[in-house]
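Take a look at the structure set out below.
Letters are used for the chains, namely A, B and C, taken in the order the chains are written, and counting of residues starts over at 1 for each.
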Amino acid sequence: MLSVVFVAGLLIFTLSSAYFYAIGKNKNGLNSAFLVSFITLISYVLMWQGDFTVTTQTGESIFWTRWLFYGLSCTLLMYEIAQLKQIQGQALVQLLYLTAIVMFAGFLAARDLSVVRWVHFTISAVAYVLLVSKVLSVKTAESHWVRSYIFFGWTAFPIVFALAPTGLGLIGAAVANLLYLVLDIYTKIVFNLQLERTS
Amino acid sequence: MLSVVFVAGLLIFTLSSAYFYAIGKNKNGLNSAFLVSFITLISYVLMWQGDFTVTTQTGESIFWTRWLFYGLSCTLLMYEIAQLKQIQGQALVQLLYLTAIVMFAGFLAARDLSVVRWVHFTISAVAYVLLVSKVLSVKTAESHWVRSYIFFGWTAFPIVFALAPTGLGLIGAAVANLLYLVLDIYTKIVFNLQLERTS
Amino acid sequence: MLSVVFVAGLLIFTLSSAYFYAIGKNKNGLNSAFLVSFITLISYVLMWQGDFTVTTQTGESIFWTRWLFYGLSCTLLMYEIAQLKQIQGQALVQLLYLTAIVMFAGFLAARDLSVVRWVHFTISAVAYVLLVSKVLSVKTAESHWVRSYIFFGWTAFPIVFALAPTGLGLIGAAVANLLYLVLDIYTKIVFNLQLERTS
């Protein structure tokens, strides 16, 4: 089951990489939609391959590399959001640092099987609240759909994290990774398709 | 003893994170004082938790993750110093690269129990001398206190490193980590308080 | 044999670091020639020391850290190439991301002894083709020698990778690392000497 999810992710992000590369080919700039998909593709290959995991006492695998790759892809997504909201310069750098901290503390929380993982989780959550409150405080015409994108897309990740074997263990690794795949598609592909339509 | 030091660090940097966040809340830019404290907080949680260490033949623990976190926090501090001295553009990038190299070679030296660690230490020290000579060659009105801050704050780290189990082993892990905590407070909190007063 | 190659690399890049530092000393900017040599020096110390390797079934050592260091040094080299070709802003950021992805996927391919390494290799190769086609599509007066530098210098790396124990295993670790050393000298020292002469 797990490997089906990862193969599905691998194929979907191969296709989205190819698509976003093709439509951005003649633009001369930063093709972040392509880079986000391409980085996520590598992340799925690595999870499919199966090294770099830890196993909980109940025998569930935790693929902690996911959160390191989010550190790379989500800073790019945050850069895209910041552009929409015309956040630049030092304020932008602040958002990118906070995004990286959220994901890095998430990686530490995922890798740690002891109760200390909740400390890492709390730190990640605090950074996330600071990040989101900063981003949403800047209101522009595009705010409306970006606001719901962040609320329903990004915020779902820590909820899955808390329910999965990384947290309370109420859902298993297979279900958790399936949910992450759905969220990855929404936040990294659907978002960029929407962005393309509105720009 | 060690865990007391780490819990103290954890609490102190939680407080300083909250303080620097609060006073910078309404400024719209890069709140590097907050980010430095927040990154250091994560570093202390990780050392308190105790994974990612190596143990010397004499049974002393070396917490090598410290130096990777310094790679993140000290590039931010160097950015602050560069701003004071109005160093920008490519010259600033050079300083940030050198700072990152100092800390990364320091990480390699800390992690390595063989005699080769002195090669890593030497490389780190050479990069540090190049860095400091570059920074101090730029003289501005603020130079005076920044100069003594770097000499007494930053330069004390490699001295502790050389005396600690990472080097000659003349002092133990507990004393070394206590000294690092004092230096962390001086270079990352006192410095930023001073910066705030003068700006 | 292997350790001779690494000691040779270590010495050569110590000398080139010193040389590039000396000639760039009075320029006030980013001394990328020096930084590239210095980063490569650290890489050779680490390979000489011998930690962080994996061993193939045929008993050959793979020094996968090499590719992580290339991620740092080659982004600097790409920055230099981009300056020659007057590529700036977002287009430059795109090139740096692609360069980092090439090397990071190369690291994953080097570290992985299973057949999945060819998936990582393919991803790295795709990123490399996209990178090179982008760089070579920008034509300037300097294009000619840079073009042959990239074709004969950079492109030789994945060929050695495919022939070495990281790939088909047609050549041994000693020969592979000797070839890498020659390529490192060409792409990181000779290139920067040439750059210095033409600027």
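Assume contacts are C-beta pairs under 8 Å (C-beta built on N, C-alpha and C of every residue); 3 or more make two chains touch, one makes a residue touch a chain.
No experiment lies behind these values; they were computed from the predicted model shown.
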item	value
Degree value of the rotation bringing chain A onto chain B, based on Cα positions, nearest 5	120
Same-site or different-site touching of chain B by its copy chain C, using the half cut	different
Distance between the centres, which are taken as Cα means, of chain C and chain B, whole angstrom	29
Contacts with two or more other chains, residues of chain A listed in rising order	none
Chain B-touching residues of chain A, taken from the complex the two chains share	89-91, 93-94, 97, 101, 104-105, 108, 112, 114, 116, 119-120, 123, 127, 130
Residue ranges of chain C touching chain B (in the complex, touch as defined)	21, 28-31, 35, 38-39, 41-42, 45-46, 48-49, 51
